[in-house]
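Should a chain be cited, it is by its letter among A, B, C and D, assigned in written order, with residues numbered from 1 in that chain.
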Amino acid sequence: MSDDHGHGHGDPNLAHHWDTMDQQVHAGKFGMWLFLSTEVLLFAGLFCAYCVYRGLHPEVFAEASKVLNWKLGALNTVILLASSFTMAMGVRAAQLGNKSQTSLMLVLTLCGAGGFMVVKAIEYNEKFEHGTVWIGHKNSITGDYNYSPQDKFKDVEYAYPAEAAEAAPDESEHGDPKLAALLDTTVTPIEPKLGGGIVQPGVAPSGLASDDGKRVTTAPKLQNMHIFFGIYFVMTGTHGLHVIIGAIAIIWVLIRNIRGDFTPKYNLPVDLVGLYWHLVDLIWIFLFPLLYLINLDPWN
Amino acid sequence: MGDHALPPGDWKEGDHVPHVVSWQFLLGILVTLLCLTALTVIAAKVHLGSTLNVGVALAIATVKATLVAAFFMHLYWDKPINTVILLFSLALLSLFLGFSLLDGMQYQDSVIKDYAYRQMTEKNYKGGWDPAAALEAHHHDAGHGDDAGHGEDATHGEDDKVEDDGH
Amino acid sequence: MKDNYLTHSRGFLSWALTLDHKRIGLMYLVAVLSSFLVAGIMALMIRAEHLAPGADLVDADTYNRLMTLHGAIMVFLFIIPSIPGALGNFVLPIMLGAKDVAFPKLNLCSFYLWIVGALLAVGSIAAGGVDGGWTFYTPYSLQDGRIGVIGMTMGVFILGFSSIFTGLNFVVTIHRLRPPGMTWFRMPLFLWGIYATAILQILATPVIGITMLLLIAERVMGIGIFDPALGGDPVLFQHFFWFYSHPAVYIMILPGLAIISELIATFSHKHIFGYSFIAFSSVAIAVFSFLVWGHHMFTSGMSPLAAMIFSALTYSVSIPTAVKIFNWLATMYKGSISFQTPMLYALAFIFLFTIGGLTGIFLGSLSTDVHLHDTYFVVAHFHYVMMGGTVIAMLGGLHYWWPKMTGRMYSEFWGRIGCLLVFVGFNLTFFSQFLLGSLGMPRRYHTYAAEFQSIHVASSIGSFTLAAGLFITLFYLVHSLFRGAIAPANPWGGATLEWHCTSPPPHDNFSVAPTVGDPYDYSDLSYDPATGGWVSKAGAKA
Amino acid sequence: MSLWDALFGSEGQLPPKLSTTAAEVDWLYDYIYWWCVFFFILIVAVMAYFMWRYRRRPGHSAQPSPSHHLGIELIWSVIPTILIIPIFYWGFTGFVALQQAPADCYKIEVEAYQWSWKFRYPTGANLGNKETPDAPYFGLHVPPGRNVQVILSSDNVLHSFYVPNFRVKNDVVPGRYTSAWFNAPYVDPDSPEFENWPPEAPTRLETKNGIYKVNAHRLFCTEYCGTGHSTMDSWVFVHESEEKLQQYLKEANDLWGKETLAEVGAELYAKNCASCHLKAGQGVVAPIFGRLSDNWGKEITVIDGASNQPVKVTVGRDYVLQSIQDPGSQLALKDYNDQGTPWANNMQQGLYPTLEAESYKGTEKQQFVGKNGLDAIVAFIESVNKQEDK
């Protein structure tokens, strides 16, 4: 059924069980899309966890997301979008048989991947320094938490009011304005929402306000703040892992391209790696607003 | 929408003829995506209420994702089956999300609010002081020692302090 | 012997690095049957322990590990890859008229991922064992001292990708490698079943992957998503787990249903009844299976609203399943039924699977499920479906395609004896467990109350009978490899394409492009006593 | 019970039905059972007939028959669908009946541990699941013919509360309260229900002060919880009368001369709390607790420490326990407005968190009082007003 298509089997890139290159390419793309759908469903679990906990603790997400630096997030979005563009250009160049342009575009895409990971590393480092990380698991030997409430959460003091008084003086030393704002003991304006039969709407309850109408308290007492960071690290971590896998795949097609494997008739691997890379971008497009843009400060 | 000129080479029946998109078009998509990124930041800066903010952010993200999928990923020119696969996986995602969310929100009134807090902060919460045992020490009444099923004498040393505090 | 796929090339590497779907299928077969043997021995130890109420043979921790490993190995290492990985890999491209699956390298990769996953999962025994059941419910699986859980969940994650790659390969193969003439509605029903299974493998399995990753993250890092002590929600874990693991039940049973459709038609020598209803019922089961996962959680603290929705949706699965059984019976009507071993397994399947399916109604109904959930009733129910369904179908399929795979005929006499022992032993083992469960015996119990002993003993005796039947099967199959009669190309009178090529098939499957016709048209075939096989009348005349 | 009985539905297949809801469950079980028997016999009989009638034999070959028939296909798709609908409906209504406890329940708190149960009664009695030399009082004791609700909570992992004779089961989820309810009669041990009763089930409990006639029902844990999972069982004792139950609990609840948990709580309060927390009045340095007693069981508005929003809470055990252990989590608005007291003055100057140094959590007091002591104090706060009413 096949060998009469002589031109098909003349091509070393055409596997023996395919009749034509067209068939092989479409099958490859079809398979890749099926694989991408598994990736979508892999992230579905993470999005589900995100939605459930945001639904349960909206205030935690609103407060905790302020610790994230949206500017770095936006920078990473721009980097990934640009690298997606260079990847699309790379695929175009491969289709046209322009080997050197393909290499250039793939290298540019790799730079995007590297840049993304560098920015991500800066962000992670910041979180670790301030202890704004997941809660940590109880150590089975000592009974302590790996990231114990006393040590790692002292800067933010969401879940543990008892330590608030001790933690509060430290925050200025860390110099993170977001943290300072979160811990601020003087400037948070009262939200005129206190209702019920006891306090008139729009009027600050006498005990909650000092004379200048500012909230006087130590810290917002948010339990479960660590869940946001747990989800943040798992989501961005899994995504970061995909960036690394994508970068490795790009290196692989880059080597093959330099070796001269690709022609206008056969450039399927570039196309498939491109699809994978665009999916990485696609997921970040959703992660960025969901994690970084929950509760930005309004225009001043 | 893209140039449709055949790439160089002699093309025969059965070869895969790729769809080549012009670089101007791809650049245009990139610029649109960057504009939408700026827009989503601006939208987040305007407080519309959390539900509406999330809605706007997700709507913009969906538009961006559609642009990437349709043009960078060539779905627009591909066989429709690939789009079907993507949509099918998205449908399952929403099914999974919808049911889990529906159920998770339903039973929240039965959650013990300080359970995690207690577990994380109070190592001595369990097997702690027992009223019966302490009262036993307090009254020095040895005649009722048979209800020690839940007694733990680990805190007996503290009982003197109870008295000290009291007096 | 003529050149065939077994003799095409020689040497260890020609097997270890083969891209031939038939060889990969055979390697899969050996691998999954080995894990069946391991997990089966564990099951026998469990049954031996239950001969008496107290702790006699093993202590509680050992029992719990045996019970967990039995479940996990059977589910993840044996049943899920069994029919698609072993029989599907071997048969699917030939049935379709293709030379191979779409991505042969991915196929081999899938097999080696299975090996890695299996090593990790079984290696968890060395790391202190795993208990808690194959469901890994939090927060128990997060408690101190269960390092084995990490290895096991990592293994499950990798096995998931093995399963995804197999499914992906099959979907692309069926879409893109159908030869001219092989339209969708000329595909044998086995392919429809495998196709529906493959879709489930692709779309459901990633969720178990992320669930296992989150479980590992929770266990190692403590991220607070599933652990209530850190503010997480253990019921959410159950949603995650069952979103995959309910479709996984259909990943296990759909290929079994698919094999039975082939067996019933071939051995009745009559066109399958209601082809399109059987084909679409496979797809319908696949779609509905995504909507019903909550019925594993009726008593787990899920909200009554969700329980109601899931109970209603659960019944939707029963309809296409019933349709299949009725169609098989209608196929037998006015047929000419021969009772060779594969057909005996197919008939046993109808008997057992009917029981398994009907008892599911008790569990899908909310108020009766409250009493029966997490008792031996559930154990009996899913063994009737998984073992009485999938494993019996797999044995049927194995006997059916054994001549094609090995080129040898097994002993028909011992085949029937084995089938009978398996059937009797199985019913004794698991029907008594229905009674145990409805009387209130909870599952996963190391010791039990004395009043349950007589039924437990009956169940254990049944399991030893079942094991005897399976060992007999193992012995005569292995024996046939060396002493079996040479198999004809078409020993049963099947009309699908795999019977058009020689036994065993040549390396390239088809030297001449096969003519694709109706896969259930037996009118052209007649029995040829000279070769012991069936030949085409048209071909004989020519 | 014989195997023969087991062929005829729930009578032989299910344990005795000894709660008010069990009969409905059994009825549905039988309904499903007989439909299943019908379809099973139908399928197997048709299969067996075809096997014999159309067996391959000389002179017989497959006869032509249609390979599909839309009408038949639709019929056997639609008929099972119709049969399924009432099963779903009755299952659902029965489930709702099992889930929704009536209003007037006798409430018992059941806590699950690895691997034991603890039963806490309204009288303050606190019993384990097994009889030991140290704990002669054990088990879940319930009054006959009265709605009983068990409030389930878990210490650390999942468990499940299962009483086969009542057809009741619910998982015990850590971090949440779940519940189950039942209404069990006291049955004379000579009646036929006792024919197959397990021999080790006691029919009478002998204590040093009396003999109690009971029905003993097995209680199991049905959610895997570790090494001791299969030994995590107990008995549900249905007493012959509510008076005898109270007598038994009073015996079990013998708190070294105290009658009730509230009295124990009063003692603890006097020793640990009274120097700062008064019931009412001016001049106090810490919140008064009289309002809690006044408003017990009612809804009040508090400021949620997490969101700084007013929320409604019900004054009860949970709220008081939480407020003692985490004073900042829910702040009663009225406390702010107690003009003139040193406490309120501090509050208005934003100094209240500093008082945490003086508060309960993490202090020595926590070491003495512990969880059970807290319960006693809560019982005391609850009881203050009731005593005065009398």
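Throughout what follows, contacts are C-beta pairs under 8 Å (C-beta built on N, C-alpha and C of every residue); 3 or more make two chains touch, one makes a residue touch a chain.
Note that this is a predicted model, so its numbers are computed, not measured.
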Original post:
Closest chain to the protein CA centroid?
Top reply: B
**OP:** Identify the chain pair with more contacting C-beta pairs: C-D or B-C.
**Re:** C-D
Original post:
In whole angstrom, how far does the Cα centroid of subunit A sit from the Cα centroid of subunit C?
Top reply: 38
Subject >> Between subunit B and subunit D, centroid-to-centroid distance (C-alpha), Å >> reply: 31
Original post:
Where does subunit A touch two or more other chains at once, residue-wise?
Top reply: 23, 26, 30, 34, 37-38, 40-41, 44-45, 48, 52, 135, 145, 162, 223-224
Subject >> Numbers and ranges of subunit D residues touching at least 2 other chains >> reply: 156, 174-176, 178, 326, 329, 361-362
Original post:
So which stretches of subunit B touch two or more other chains?
Top reply: 81, 88-89, 92, 96, 100, 104, 107, 110, 113-117, 119-121
Original post:
Inside the complex, what are the residues of subunit C that reach subunit B?
Top reply: 175, 203, 207, 224, 228-233, 235-236, 239-240, 243, 290-291, 294, 301-303, 305-306, 309
Original post:
Any idea which subunit B residues touch subunit A in the complex?
Top reply: 7-9, 12-18, 20-21, 23, 26-27, 29-30, 33-34, 37, 40-41, 44-47, 50, 53, 57-58, 60-61, 64-65, 68-69, 71-73, 78-79, 81-82, 85-86, 88-90, 92-93, 96-97, 100-101, 104-105, 108, 113-114, 116-117, 120-121, 123
Subject >> Complex contact set, residues of subunit D against subunit B >> reply: 118, 126-128, 132, 134-138, 153, 155-156, 174-178, 252, 254-258, 261, 264-265, 267-268, 270-272, 318, 321-322, 325-326, 329, 361-362, 364, 366-373, 375-376
Original post:
Within the complex, which stretch of subunit C touches subunit D?
Top reply: 60-61, 64, 131-133, 137, 139-140, 143, 228-229, 233-235, 268-277, 298-301, 304, 307-308, 311-312, 315, 318-319, 322-323, 325-327, 329-330, 332-339, 347, 350-351, 354-355, 358-359, 361-362, 364-371, 373-375, 434-435, 438-440, 442-451, 520, 522
Original post:
Which of the residues in subunit C end up touching subunit A in this complex?
Top reply: 98-100, 102-104, 106, 142, 144-145, 164, 168-169, 171-172, 175-177, 179-180, 202-207, 209-211, 213-214, 217-225, 229-233, 236, 239-240, 510, 513
